[in-house]
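In what follows, chain A forms one complex with chain B and a second complex with chain C.
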Partner chain A sequence: MSSIFEKLQDIPRGLIFGLVIIAMAYPILNPIGLPITVGQTSKDAFNAVDETEDGSFVVFHVQYGAGGKPTLQPAAIAVSHHLFQKDVKVIYFVDNPVDLANTYEIFDKLDPAKYGKSYGEDYVVLSLTGPFLTQAAIVLGNLIETVPKDSEENNLVDLPMFEGYTETEDIGLVFQLTTSGDVSEGWVYQAVSRYNIRLVGGWLSMMTSSMIPYYQAGQILGFIDGSKGAADYEVLANHPGDAVMITDILSLTQLIYLALIVVGNIGYFGAKSLGEGKS
Partner chain B sequence: MVSMDIGVWIAAFFTIAATSYVFKDNRVFKFAEHTFIGTAAGYQVAWNLTQLNRIGIEPMMNKGMFQYVFPIILGLTVYTQYHKDYYWIARYGVAFMVGQGMGMAMRAKVSSDFIVQLQATTAPLTNINGILVFVLVLTGLLHFVFTVQRVDTEPFSTLVKIGRYGILIALGASFGNTVMTRLGQYQGRMIFLIRDWLALIS
Partner chain C sequence: MSELVRRNVPLIITFLVGMVMVLEYYTVSPEIMAVAEQINTWRVILYACVYLGTINLLRLHGRRVMRRTEGQWYFSAWTILIIVAYAVLGLYYGVESTNYRWMMDNVNVPLGSTMYASLAFYMAAGAYRVLRARNLGVALLLASAFLVIMGNTPLFPAMFPWFAAVRNWIFDTFVVGSYRAIRIGVGLGGVALGIRTLFGLETGYLGRRRGE
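Presenting the complex of A and B:
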């Protein structure tokens, strides 16, 4: 007959996920309102956007699909609020149909007209396909010739925002929100190393450990670290949204996970001390 | 009041169907999985054909940019791999793509991933972070040096052990971040179910 310690090592996964789902639902229904301490990387990302020269172009790569949407869409909305408060022209750039829908959802949520911004004069949506490094090289260095039309089939040269556009020299910042390691590193290769354009990023938390060397080396000016980073940016941009709500949930669910890790270890070491540990 | 939008109901059904897998594999989950894969594949095919038309065929027809015929032919050669007699032709298209990708990457990769990272690692050791990076990079690299004999004896063994602990700490941090990412991804769906579908909060 198995002891209590062995049972602690074999908690049914249905029970674990049930607990996690309750921990997720509770703060949505009853917000706890835990304070958010804005991280340095988010502040750096915000400052980099803030310091972008008036009149310059910002390339905003929306690349998180359906899987990364809960994490990065709130960040995209917060960053767009910030960009539309400034006198910059934004090129939204997507490479798949889901992100095209995500981008138009951003406009639905924040209503660019409220900021006096209009399509074709202050922002545009471009769609491309193919290997990412080639796409990045096209967008930064040879846009008008290679991609003559935007995603709404307008000729780029006919849009007021591209009047006098001189490609690379006019781009003041690249802001990437991505769930792909190849894309996040690819922007460092193309924007920073090849074209010497300022770069800010945002990605899933699990990508941070591989991307942080670029930030520490100064190649990336700042970044949004998953849901927590998105919440930071919402606070900084003064537009609290879904990400702020998610941080409450994150805190509670992380506590559940910590408690389960402790319980599992008690089971393991307890069983081992009784000589009934699993091989 | 519960949403009356049919789109929201469909999204809620597929969210719950996909989540049901955490309790047990079942037919509803399979249905959701196959529907998602089929829809995504269909969208992607349509998207790629649209882009081929916009960026390749249309400029060729309307602006006489006939140089685009070469990449289009190279792209089409990739499909010959499905024919047992002509599969070798696909190598030309693949070779071009690999060569072009390598050229694009290598041009900047040496600078971004090697020179600048090396400079950052050997920056003045004026704070604890800088010292930690410097020590753990060296000892971490030493952990993977297999050509030195007697690496299990002092002083190598202590340095290798430091490197190993550094790697384990990094992996632990990475795992913690992965857990947070996965939770964050599902939290968005929980908010959707409670707010947009059930309308329990505004």
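Presenting the complex of A and C:
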């Protein structure tokens, strides 16, 4: 009996990794379609986009690189579907080449032309360099003068969407998708505190604990909480995609985590009750 | 250059720039706002100096390759090759070109995703080994971790909505309270540091004085 408890406390790492691989691979090969319920923060994010005034500009910051792509790219696609369904002009804003590639991939996936949207008239991509808070201040307050060209080297003033553009007053919403704590909080400082612009976000689940206070205070109107939030948004936007599939993976892998924690504790308490446990 | 000039000039520049940025936030003076805008623009230009880091990197790795440093030179050669390849592709075709995007999609994205995905394995092994109720403190941590994981697992709230409610209660009560305290502390510290820097009391960013 004692050896069983000892073994339960010492499951080989290889076996744990193997179980995680199976939990990840199985839903990819055989989608299960486990149930999900849409969370309140995702509904709030969706409603904030929905309530954005027609004709206004939306600054969409795509900033998750390669590491955050599996989580946030599906969210970016779902949000873009939603934005292109509306009569708003979208400024995609990136600050590194990976996110520039990610942004063009969004267009490849959803085909803006299907929504009657065209580059330069309804959306544009800006690629900026510099410290983030400065970039945000420039995009919201002094764009045309400081960033004269878009990522395709077009003069912003020549693009039809910027005709009559009056900077801050025309921006109806900032939507940020980021894996950086500095960036997610930086948008609160710049968009909300400095320019009083409505802000919605999306980030990795592990960042949620640090961002919840801003949501509770009403500074962030809603947010996409990691892969689950992205799946929620796909459901709300009526475009189920990769994130919905990822929720199956999340459910299964987290079940494995829970099972391992339970097994470890059974082993610990079993061995302890027999007076032979590891301390 | 005398020590006096070396220290006082940066202190004066810091004070002037800092005051303009502070005043820009609290006043509506068009003159101050115009100066602040110029400073923001110059910050972007100065940021370009970051690329000097690339030159330093090339020098460091170039030296290793030239000296055939044992166990390192081939990694350094590979680093140089990749830096040059990205630079050539980016400058020649442009960062939005298909070629550059192909390289990003097939090198950076898989590598970044792999690094990040490996966390899932270490988290599983870590949770299994660490979360054991050895004492009251760990038992409380275990209980809250268990509830938060169940609340975060899409399956549980879909079947039993109260899991989401419990998870949200933990977040809204303990997490938000603790985090606000941390943020207020950091904020007050930031204000104090800012004031000290503006008035030249904090000089760590200038480096050490000679003889220190």
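Keep in mind that, in the parts below, the second predicted complex is superposed on the first by the 276 of 279 C-alpha atoms of A that agree within 3 Å, B and C clash if a C-alpha of one lies under 4 Å from a C-alpha of the other, contacts with A are read in each partner's own complex, and residues count from 1 in each chain.
To be clear about the criterion, a contact is a pair of C-beta atoms (placed from the backbone, for glycine too) under 8 Å apart; a residue touches a chain by one contact, two chains touch by 3 or more.
Just so it is clear, the structure is predicted and the values come from calculations on it, not from any experiment.
By the touch criterion stated above, A:V188 is placed in contact with chain B alone, chain C being left untouched.
Once the two complexes are laid over each other on the shared chain, residue contacts for A:P97 go to chain B and to chain C alike.
In the superposition on chain A, no contact is made by A:K43 with either chain B or chain C.
Shared-chain residue A:L29: touches chain B; no touch with chain C. Applying the stated contact rule after C-alpha superposition, one finds that A:G68 touches each of chain B and chain C. After overlaying the two complexes on the shared chain, residue contacts for A:K86 are found with neither chain B nor chain C. Legend: residue contacts after superposition of the two complexes on their common chain; A:Y268 is shown touching chain C, with no touch to chain B.
Judged by the touch definition given at the top, the superposed model places A:G218 against chain B, while chain C stays out of reach. With both structures placed on the common chain, the touch criterion links A:S205 to chain B and to chain C.
Shared interface residues of chain A, touching chain B in one complex and chain C in the other, are 13, 17, 20, 24, 67-70, 97-98, 127-131, 134, 137, 146, 194, 205, 208-209, 213, 216, 228, 250, 253-254, 257.
Looking at the complex, you find that chain A touches chain C at residues 11, 13, 16-17, 19-20, 24, 34-37, 39, 65-70, 97-98, 100-101, 104-105, 125, 127-131, 134-135, 137-138, 141-142, 145-146, 151-152, 194, 205, 208-210, 212-213, 216, 228, 231, 247, 250-251, 253-258, 260-261, 263-265, 268-269, 279. Those residues of chain B that touch chain A in the complex are listed here as 22-24, 40, 43-44, 46-48, 51-52, 54-55, 59, 97, 100-101, 104-105, 107-109, 111-113, 116-117, 119-120, 133, 170, 173-174, 177-181, 183-191, 194-195, 200-201. Within the complex formed with chain A, the chain C residues making contact are 25, 37, 40-41, 43-44, 47-48, 90, 95-96, 100-101, 104-105, 108-113, 115-117, 120-121, 123-125, 127-129, 131-134, 142, 145-146, 149-150, 152-155, 157-159, 161, 164, 171-172, 175-176, 179-180, 183. Within the complex formed with chain B, the chain A residues making contact are 13-14, 17, 20-21, 24-25, 28-29, 67-71, 73, 96-98, 127-131, 133-134, 137, 146-149, 153, 185-186, 188-190, 192-194, 204-206, 208-209, 213-214, 216-219, 226-228, 242, 245-246, 249-250, 253-254, 257.
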